[in-house]
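Next, two complexes with subunit A in common: one pairs it with subunit B, the other with subunit C.
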Partner chain A sequence: MSGAEQSADDRGTLAAVWEQDAVKLTALVSGLFAAYVVGGLLLSYGLRQQLNELAQLSFFIAVFAMLALALNLHWGYTGLFNIGVIGFMGIGIYTTAILSKGATLTEPAAGTTGGFGLPLWIGIIGGVVAAGLFGGLVALPALRLRADYFAIVTVGLSEVVRFTLLEQSLQQGQVLGYWVGLGGGSGLLLDFDPVDRLLGAFGLLESYTRFSERTGEAIGIGSNPKPVFDGILYGLVLLVFLVGFYVLLTRVGSSPYGRVLKAIREDEDATKALGKDTDRFKIKAFVIGCALMGLGGILLYASQGAITPNAFRPRITFFVWIALIIGGAGSNTGSVMGGAIFAAVLYQGPIFFSNVIEGSFEIDAVNTFAQAVGPLAAADPVPLLAYTVDNIGQLRFVIMGLVLIYLMHNRPEGILGHRKETASTIPLGRRRAKTGGSPPATDGGEENRGVDGE
Partner chain B sequence: MSTVSDTEVDDVVDTNAPAEDVEIEEPEAQDSDVERAAKHTPSAIPLRVEGLRKEFGGIVAVDEASFEITEGTLTGLIGPNGAGKSTTFNCITGVHEPTAGQVQFNGEDITGLSPDRIANRGLVRTFQIARELEEMTVMENMMLAPKGQRGESLWRSVLPFVRRSVSEQEEEILERCWEMLEFFEIDHLADEYAGNLSGGQRKLLELARALLTEPTVLLLDEPFAGVNPSLEERLLGHIHDLRDDGYTFLIVEHDMDLIMQNCERVIVMHQGRVLTEGPPAEIKRNEDVIEAYLGGEVE
Partner chain C sequence: MGVSDSYERGREFLIEDPIRAALVIVFVVLALDLVRQLAVGQTQFSEFGVLLKDGLMRGLFFGLAGIGLSMTYSILNFANFAHGDLITGGAFGGVAATYVIAGGFGTEAALGSLLLVGAGGSVFGAALGIGVATSPLAVLAGVVVAAVASIALALIIDRFVYKPIRDRSGITLLITSIGVAFALRYLIVFVFGPGRRGVTDPSGIPSVAVPVIDGTVNVDLHEVSLLVVAVVLMLGLHFLLQRTRLGKAMRAMADNEDLARITGIPTERVVRFTWIIGAGLAGVAGYMFVLWNETLHWFQFWSLLLPVFAAVILGGIGSVYGAIAGGLVIGFVMSLSVVWIPGGLSRAAAFLIMIAVLLVRPEGIFAGRSTA
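What follows is the complex of A and B.
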């Protein structure tokens, strides 16, 4: 009997540990990494490729989780229907680029342009501030609009941003003697490497280079190991940023401020009737969210070497929305989970999976849909499979759409289910005795299973 | 029901950031001379409506309505459907801007102020259809209401050390919320989502929440609609207790017996106009009122 008690006790402690959101998040992310490692082993990837794959995974997990968190502040907390996420990201990275690209004081060759040559950290702060300010500019007139009109304004503005970036007349010009501009259709080259700049700032660049060369040799990842380590380092830096986002937004959410935001989402008129100046709360929340989206954009594109306006199509906005819906709007923990699952399963997953299939089976190339479907008559699914795998890049949008439809029908509240992330800095219970607390406990139990299944 | 008092807020301001005072926007609670004078006259008139008019396109919803509410009384506002009662409430509390006319609260003109400013002055309303914040728990609904919360400033909620002072204030607020929930006997629902409450429980929650804003005058739009008789009895009991504590009530209600038995004064509206007003006994005898309620056109 004591043994049974003991194990029940253990289960209690385990459940308590599992209750911690940070534990759930760590478990999920580790699980996704493990799956990729296994996939890599199946593919008999070399170490170098394996490391690259993992670095990329952490990069995308962090980026989508950060963006989902920022969107959660808008939509999940405040009920602001922002479908112009990419516009704020674009303003962020373009501002950073202009501020921090190398200074050019003589007229540059056609198709290139310079920047103000400021340190990267100033550029990043500038980008974040610019995205936030732009958000404020949008918010002032638009926040009084009904949710659906507000949505149209945001998506419209994100397109205005893109067309402005494409604009010929803003391609290049002289400001305060510096040759700067938006670069038009050919975009901007980013002549700063965020990893090098970061290490340089701490004076570690040289020892880092030496370290990467030595370690690279020791673990046998061939010549020029630095990019591999750069990728890993950048992925880690982004995960640190993600933790920062998460801590910040959890604090915002679990406070009287967050409580007013939630109330605005539920019923703005009732909130006003309780004496809350809702406009002020909405503007602040919108500006903060936009600034964080700007930072997300900066972190996403800064390491890419170049940016072009066409990367800033509404597509990414919808990716972020899918991530948020997977995780469950209104929950910060859910947003991170949604971002991670979106990045690992829906965004990177199909490509990785098709690589695994291609690597594991010898299949002949199938070039047309007819060739793929024809053999089905003879009960031969292989050509169709091969065709699918070949075109996975396009197909993943179809998959995303299907997942979205499925979720909206069957689990609109997201994988974590209906969650109470209490909007208060303190637990709202009292003297334990009176509150039974059983209904939330059973809720939690059910929802956890959903996560386990992933 | 003590407030989150001015002094506490001032404390924070003193120790942390002198300039930040603007941010809390401690509601315009500083008594003006007029207000103070009003409070000490025996039959003060906290709420006065003069020539209030509201048009929606062609419809005249409220037509030159004028009335006064005496402090510490329970006044009934009755009238057939569409008489303009809710619209009058909306105009008084800033939800709608009146087409013409004036609303005075504690001797000051509050016409056209925003709803939150009016609520912060102590004139608080409830809605005809209970407006619960459904995806928030009952306790979160309650915790939202108190005025002057430090944590409603973003940076105070986020910064490590300042946040502690937010928590301290929240502890006090939480205690008050529990007391209020117990007073209304819905404390067992504290952890429930407001959206899961029954119609009557929502009405209780809405009243309890409104009281936490420390109003002096409460406008209740059909607080008993859909409430079962025993609960109605209890709610009325609470309202009488509160009235005895000095709260002033204006209540819209269709149940004539209830109004006649509980209110000191009754205002009758019909087709946007104030038909008559007076003590219940007088109203009962009034031909016009009888006609209005029996459906006769009064032109």
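What follows is the complex of A and C.
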């Protein structure tokens, strides 16, 4: 919008715009953190609980932002309608688990299948590669499909992945002498702690443990302070990964390769006519995005201690979609903002809010909706409110759905407005602008067909 | 024509379309293997009969539920991901009506518990003696209410959600329908609770044992009811589409919307009837499926949405008869696949067939015949 004129001016203004983005992003995230701190104060949380809450918040913000960034490469840049995100995440973490779980050479007891006992970093690389390869396998035949067919194929495949993970006959077996398997319905225990492994790799584990115990004692967060610090450290590690995702995808997006992707999104036939092998570009973009989704899945589940197939339902795919649409598809900054808002407001927010309410008022919620609605006849709304607060875990999904409908009605371009990066290297605003060599406008584009109307 | 002729055609087919030829070969091999298994007794005829019957029941549901999905896909031009939850909503409404009537309007249990289909284990279908034979009136009312509830839900949602963005792209509508699905599904949990409930009285369903070569196949009244209701509704729809002005208008609109509008067909009215017919059939299908399946829970039809999509795609999007045939094929695939693969993967098999059809023949197996 306003950027369309500004960005044409010179690099200085562009840098200012970019800085604004960074400022906005920092302000948003710190605002969300501040709101949680205030909520924690309202609940008279102790320091330990506050720290846990903030660690969890940064964990979810980072995870959803990363996944939204990966999805943005598919949908926002290339126009690939992938609603099988969770399938690629599942393949990522399952591969990591199988590669890096402790090796078991004798037949294990039921439900305790082992792995190949490889170092965790090899497992993570393996998981990312597996997700990418599966993406390639899907992409090869499916990319020529219409967007809505492609959507049905991807969501179908993500369910096929889940059914396979659930399958009893693949629960465990012997491969090269190791007892490995998918664990069936009971899933897999993850016997590695990513934080410990990371610190151990640098030989810092002992000094870290000592540090956490001393500091924990000093600031008074009770006995066994290590899990608190683990949570914070893992949240920070994820934020570092998030920055990595952002830098990588921003570089991809502004490279000549990224411009072709955006051109494919705008008009695939025209791009083909310009001599670009669009299929190859699309396959590459799809594989990269899937690999990043695999990494997102690994980072999301690696610290959970266990994984079960039924956690990998399409629901999580739609979470990522809501995050992306909140921020506005087509912009990396928007994706991060969408991920942050989704995680803090829609995903964690309602539960936190209901905790605040339940902590502040004495609430004795009834068990069924009938008991909650019945007293309304006597103009007593309290049971219904109490029931609502008590069942906020389900109600938040209703809110998510309504938010998605609202956004599609009123702001399909995301809450930040037109931020979709255009395929062009030059600003498509007024013609009097200097054209030489300025990078693509971060928010300079009009929507797809609006360009013609200039 | 001679043998060489058909040989020549077969060779051409194989070269021109190797993927489809491979699918045909797989199908033939499986069929031959089935004959072998039956002949040597690896699979008993009676077992096979049970699978066939289950496949037919599922297939009828998929077909009946798929008609609405197929019609909205072709007339409104989007894949409606909220279709499954629409069916769940209708089924809950219908079963609630059945509970209320079978429960004597609150004499056998608290009216609130009956209305909420026994949320939290407060009342059970078996205790109320629900079944086609034991409480026919309650079931009949349930069927009607299920249809009405689905239609009301569909019309309300269309009015407030889809109508304002009718002119947008199919993708926008698809994403919006995902939002609708979320809101609807969790609203159902919010109201009715997350429990999975048995809604019929299994001891009150009369059944007959039909002798098959090496055993028997039990057929009960609920299965016969599902079959009869499905066939009657399908015939009724066929009559509606072929003989009435509305049917003609709907077929015209599915073929070419702009042309239909130019000829003076009131498109909004046709859209309304599309929702009414599609949602009504889906609601009845859902209710009959719940009776057959004997259980009801909040994500039941969300998890059956993809097989319904598979049926619609298989039959060709927009084709009502295709949806019915596709539904039967998917139903049979899901239940017969256990002859060869583990039961846990039967749904995976159905999805893989859907994906294969999308890749090889996206216009469906009855291509070029969009009937409505």
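In this text, the second predicted complex is superposed on the first by the 397 of 454 C-alpha atoms of A that agree within 3 Å, B and C clash if a C-alpha of one lies under 4 Å from a C-alpha of the other, contacts with A are read in each partner's own complex, and residues count from 1 in each chain.
By our rule, a residue touches a chain if its C-beta (ideal position, glycine included) is under 8 Å from a C-beta of that chain, and two chains touch if they have at least 3 such contacts.
Keep in mind the model is a prediction, meaning the values are calculated, not measured.
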Which of subunit B and subunit C A:330 touches, first, second, both or neither: first
Contacts of A:318 with subunit B and subunit C, given as first, second, both or neither: second
Which superposed partner A:386 touches (first subunit B, second subunit C, both, neither): neither
Touched partner set for A:248, first subunit B, second subunit C, both or neither: first
Partner chain in contact with A:257 - subunit B first, subunit C second, else both or neither: first
First, second, both or neither for A:276, with subunit B first and subunit C second: first
Doubly contacted subunit A residues - partners subunit C and subunit B: none
Complex contact set, residues of subunit A against subunit C: 81, 83, 141-142, 145-149, 151-153, 155-157, 159-160, 163-164, 166-169, 318, 321, 325, 367-371, 373-374, 391, 394-395, 397-398, 400-405, 408-409, 412
For the subunit A and subunit B complex, residues of the former touching the latter: 248, 251-252, 255-260, 262-263, 265-267, 269-278, 281, 284, 288, 330, 420, 422-426, 428-430, 434-435, 437, 439-440
Contact set on subunit C toward subunit A in their complex: 78-79, 110-113, 115-116, 119-120, 122, 161, 164-165, 168, 170-172, 174-176, 178-187, 189-194, 306, 309-310, 313, 342, 344-345, 347-348, 351-352, 354-355, 358-359, 362
Subunit A contact footprint on subunit B (complex, rising order): 25, 27, 93, 95, 114-117, 119-120, 124-127, 131-137, 139-140, 143-145, 147, 149-154, 156-158, 163, 166-167, 170-171, 174, 178, 187-188, 190-192, 209-210, 213
